[in-house]
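Two complexes are shown next, each including chain A; its partner changes from chain B in the first to chain C in the second.
Let's look at the complex of A and B:
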C-alpha cells in the first residue's frame, strides 16, 4: 500500500525520525519488526510497536474488503441508510410552537444548533427548557434522554429549572388526562421532579482550558451514560473572548472544539446546542463558529 | 523512494545491503546519487555489480515520460464533463465538473455551498446514474434534503431509492479519517469492488476547511510552492504538511481514477485589510483548478433571501470574473425554473 507516512496519526518526533531514516511509505514499514525498527530509526521499542500497530491497523482494514462484500462494520453508508436513520430519530421540542415550526419539529438530533443573541434575550432560559424537554418520555413525543449542561458563565439557576420542570410535568399530566392510556400513566410515574433534575449532568467551566478539557472528555462520559441525548454548552465564546490574546490560537481552538462537538453529535446521536452571547458589534459575528453549525 | 532492502531487485543481497548501510547508503536515492567508484572501494563490492544494480533500480523506480500528443489523446478519451444540474453554475464551469480536476466552491456561512454539493450529488446519482462519494465533515448532510431534491426530479419512488443508494456517505470529522476514506476509495477501485452500479465518478468533500483549519496557524509561513511533493519535505509546520498531503491525495485521486472532485471552502477575514477571502491561505489556492465564489447580495428582502451571486474567480478555461445569479430555493428542480427565477419572489 503506497500510503505516505504523513497521513498516519503518529507523533511528530517519531515521524521526523522515520523520515530521516529513509522511510516514506507505509509499505516499507509493514515488513519491519519492532526491535529492528527501533534500532534502525533510533526510537524506543514501545514507540516502534505503537507505530507499527497504527500502520498495520490502517492498512489491514482494507484487505478483508475483497472477501466480504457486505461490510457489517461499515463506516460508509449510503444516503438511503441515512434517510432511514433520519426518519426514525425524533426532535427535542421547545414547547414554543413557533420555534418548533422554524426548526422543522424541534431541535434536531445528530446536529449542532447555535443560539445567539444579545444579553438578556433568553438564551439560557431556552437551554434550560431544552434540558427538561429532552427527558420527555417517548409516548408523549419526546426522546426520553438525559442532558449534559456545560456552563461557562454561571447563569444556570436551579430554582428556575425546578419551575420549568414542574410546569412540564403539569402539562404532560393534562395530556395524559385526555388520553386515559395506561402507557401514559406509567411513563408519568417516572417523570418526577427528582428524576428530571438528577438526569441533568451539570459542569461548570471557568476558563477555556476547562471547557476544552470537558468537551474532549465527553466521549468517556457519554459511554458511561448512554442515554444522554443533549449536550448544551452555555456561553461557548465567552471564555475565548477574554483570556486569549493570540488570535490564530483562538481560531484553531474554536475550530477544533467545533469539530469535536460535531463528531460527538454524530457518533452518539446527540443534539448539541451552543450558546453565543452577541458582543457589541453585531455585524462581526464569530464566523468561525457559525461556519460549523448547521442549525439556527 | 524506498529504503534498500534485500530482495528489492535481483542482485541486492542482505550482505550488500548491510555493507551499503555501513557506508551511509540507506535508500535508493542515496545509491543513485553516490559516487560508485568510491563506494566500490570502501565497501569491497565489485564496481560492475554496483553499476548494474543502480541501472536496475533506476529502471524500476523512474517515471515514464509521456509525449504531449499521447497525453492529449488520452485526456480526450478519459475526461468526462459532468453537469452539476444547475444551469447557471454549468455556464460558469464551462459545461460542468471535469473529471481529473478539483473544483472548489467558496462562500461564507449560509451562502449555499452545501446546497450546491447536495444538488450535484442528487443530479449525478439520478440523471447521470453514476456513483457519488460524499464525505461530510461538518454535519451539513441531511438525507431528507437529498430526497427533496430527488422528489423534484422524479415521482417514482424506486428511482429515488436507487439514486439514494448510489450516493455513498462517509463522515470524516478530522483529517486522518478523511485521508483514510480517500485511501479506502483507492483500495476499493483497485480491487474493483463496485457499489450497486458502476464506479464512483464524483467525490464531494464538504468541507475541507473544517478538517484543516484546526491544524493551521501558529508558525505557519506562507510562501510560493511550485511542486507539491517538495512541500512535504520543506513544510515548516506539520499542519501545513497534512493539508498538502490532503491536496495531493485529492488531485492524484482525480487524475488517476478519472474522478471529478468537488470541495467546499469557507471564507475568512484578512487580518490586514479586513476583506473577506477564501480560507486556508495561498498554499491551498493552488490546489483547485476552478474556484467559484458564492455571495449573498447586499439588499435584503423577500426576493433576496434565496438569491445568490456565483462568481468565477479561478478557471483554466474561462475568463475570470464571470457572474451568474442563482436562486438556491429552486436549484435542482427542472431546468426551466432557472429561467423563471427572475419572476419568482
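Let's look at the complex of A and C:
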C-alpha cells in the first residue's frame, strides 16, 4: 500500500514526528509493532497504537476494490438500481392534492427538500402537517415513521399540531370505514392523538450555536430513534441572519450544515437504519425587506 | 387621583461582554444564547485543553463550534476521531433538550397555563382560535387611527383581571415609544367594560399599579429595555409585554431611502424579535409589538 502518510487523519504532532523519523508511506508503518514505533518515533505507546489502528483500518477498506459485492461502503451503483430504488421509495403525502401531484406523490424520502417563500405563506404549517403525515400507517399509504422537528424561529404551535393530528385521524377513520378491513382497523388503534404527538421530537434552538450543536448530535439521535423518517429544520437561515456579521463565516457554516445533512441522509440509507427526508427551510438569505414590516 | 406608574429610562444593564472574539462582532444578550456562551471550562474538558484553546481566543462553546474540524485538529493537536468526540462533547453541552410534542402538551395542561388570552371580542377570538397566543409574539398592524393603541390599553386591563374573569392576574410591561399611553384612558376602559368588578376605587388603583409603563424614545433604548426585562418579569410577575410601537422608532432612525440602513434596521428588528421570543417562551407570556403601516 503505497499511500502517503500525510493523507491519513492522524494528529498533526504525531504526523510531524513520523515524517521526521523517515516514514513516508503506509506500507512502512504497517510492518512495525506499537512498542517499536513508539521508541523509534518518540511518541507514547497509546499514540502509536492509535496511529496503527487508523492506518490499518483505512488500508483494509481500500483493499477489496475488485470485490464489489461485499463492499457495503462502496457508493457506486448503476442507474437501473437507482431507478428501482426510486420506484419503491415512499412519499409523505401533504394532503394537498395539487402539491402532491407536482411533487409526484408527496415529499420524497431519501432526498433533501427545501421550502422557501415569503413570510406568512404557510411554510411552518406545511412542516407541521408533514410531521403528522409521516406517521400514517403503511396500509393507508404512509411511511409509518417518526419525525424530528428542529425549530429556530419559535413558530411551532402545539395546539395547531393537535388540530392537524385530530383531522388526520378523522380522515383515516373515514377511509377505514369504506374499506372495512381488519388490517385498517388494527392500524387505526395505534394511530391515536397521544401516539402521534409522542413521536414528534421537538428541539428549540435559539441561535446558530445551538443549531450547529444539534446537527452534530443528530447521528446519535437517529441511531437511538431508528424509526425517524423525517427531519425538519424550520428556518435554517434565520439564526444566521441577524447574529452573524461575518459573511464568509456565515456562508461556511451554512454550507457545512447542508453538507452534514446530506451526508446524514446518505449514511443512514447505507446502514439501512432508516430512510430520511430532510426539509430545510431557508427563507430569503439576502437581506432585502419584504413588502410588509414583519419580514423577520 | 389614579396614576399608572411611569418610569423613564433606567440604568443600562451591562451585557456580558466577556468572550468578545475578533472573529464575529456579536453582542451577548442577557437573555438569549445562554447555552452558546457557556465557557468551555464548564463543559468538562481538561484544563490543559482549555488553556490551549484560550490561547487561540476560543473560550466559549460558540467559538468552538464555529471552527471547522481541520482547524480544531490544528489547534488541539488531536486526531480526527478525537476531534469528533470533542465536538460531540461540546455539542451535548449546548444543544437544546429534546421534548416530544405530547410532553409539551401535558406539561402545559399540568401547569394550568392558558394557551390564549381572550380579547373579549368574540369575532376576533374566533378568528384567532381563542385569543392572543401566550408564549409567542403577536404583531398588530394597521393604518394610523384604526385603534391599535386602544387595543393595547384594553389588553393591559384584561391581563390584570383575575383568572375567573378571563384574565391572567398579573402585571403588564408597556414600552411606550410614542407617549401614546394615557392612564386616564386605562381607567375609563376598565370602568366601562367591567363596571361591576371595578365598582370600588381600590380595585382601579390596584389595576393601575400593575401596569408598568416605560418610555423609550430610541431604538437603542428599546433594545436595552428588552434586554433588562427578564428580571422585571420575574420580580413583578409580569404576564403581558406590550411594545407600542416598534415601527415608529425604526422609522424615525432608519431612513429607508438610504442603502446601508436597510441592513441595520433589519438587524435591530431581528435582534429585538429574537429576544422577545425568548422571553415569551421562557415565561409563557404573550408579547405584542405594534406596527403602523403607512401606504
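Note that the second predicted complex is superposed on the first by the 233 of 296 C-alpha atoms of A that agree within 3 Å, B and C clash if a C-alpha of one lies under 4 Å from a C-alpha of the other, contacts with A are read in each partner's own complex, and residues count from 1 in each chain.
Criterion: a residue touches a chain if its C-beta (ideal position, glycine included) is under 8 Å from a C-beta of that chain, and two chains touch if they have at least 3 such contacts.
Since the structure is predicted, the reported quantities are computational estimates derived from the model, not experimental observations.
Q: One more residue to check, A:3. First (chain B), second (chain C), both or neither?
A: In the superposition, A:3 contacts chain B only.
Q: Touching A:249 in the superposition: chain B (first), chain C (second), both, neither?
A: It touches chain B and chain C both.
Q: With both complexes overlaid on chain A, does A:30 touch chain B (first), chain C (second), both or neither?
A: In the superposition, A:30 contacts neither chain B nor chain C.
Q: Can A:11 be said to touch chain B (first), chain C (second), both, or neither?
A: Second partner only.
Q: Can A:96 be said to touch chain B (first), chain C (second), both, or neither?
A: Neither partner.
Q: Applying the touch criterion given at the start, work out whether A:203 contacts chain B, chain C, both or neither, answering first, second, both or neither.
A: It touches chain C, and chain B stays clear.
Q: So, A:162: does it touch chain B (first), chain C (second), both, or neither?
A: It touches chain C, and chain B stays clear.
Q: Both chain B and chain C touch chain A; at which residues?
A: In the superposed arrangement, which is not itself an observed complex, chain A uses residues 9, 12, 249, 252, 256, 287-288, 292, 294 for both chain B and chain C.
Q: Which residues of chain A touch chain B in the complex?
A: These residues of chain A touch chain B: 1, 3-4, 6-9, 12, 15, 21-25, 27-28, 31, 58, 62, 65-66, 69, 75-83, 85-87, 110-112, 247-249, 251-252, 255-256, 258-260, 262-263, 265-266, 287-288, 290-292, 294.
Q: Where on chain C does chain A make contact in their complex?
A: The contact residues of chain C facing chain A are 23-26, 32-33, 35-36, 61-62, 65-66, 68, 73-74, 77-82, 87-88, 90-105, 108, 115, 129-130, 133, 136-137, 139, 141, 247, 262-263, 265-267, 269-271, 273-274, 277-278, 280-281, 291, 293.
Q: For the complex, give me every residue of chain A touching chain C.
A: 9-14, 50, 54, 149, 153-155, 157-159, 161-162, 194, 197-207, 209-210, 212-214, 216-217, 220-221, 241-246, 249, 252-253, 256, 287-289, 292-296
Q: Mind pulling up the chain B residues that touch chain A in the complex?
A: Going through chain B, the ones touching chain A are 1-3, 5, 26-27, 30, 108-110, 114, 121, 125, 133-134, 137-144, 146-147, 161, 164-171, 173-174, 176, 179-181, 183-184, 187-188, 191, 193, 195-196, 209-211, 213-218, 232, 238, 241-242, 245, 249, 266-269, 271.
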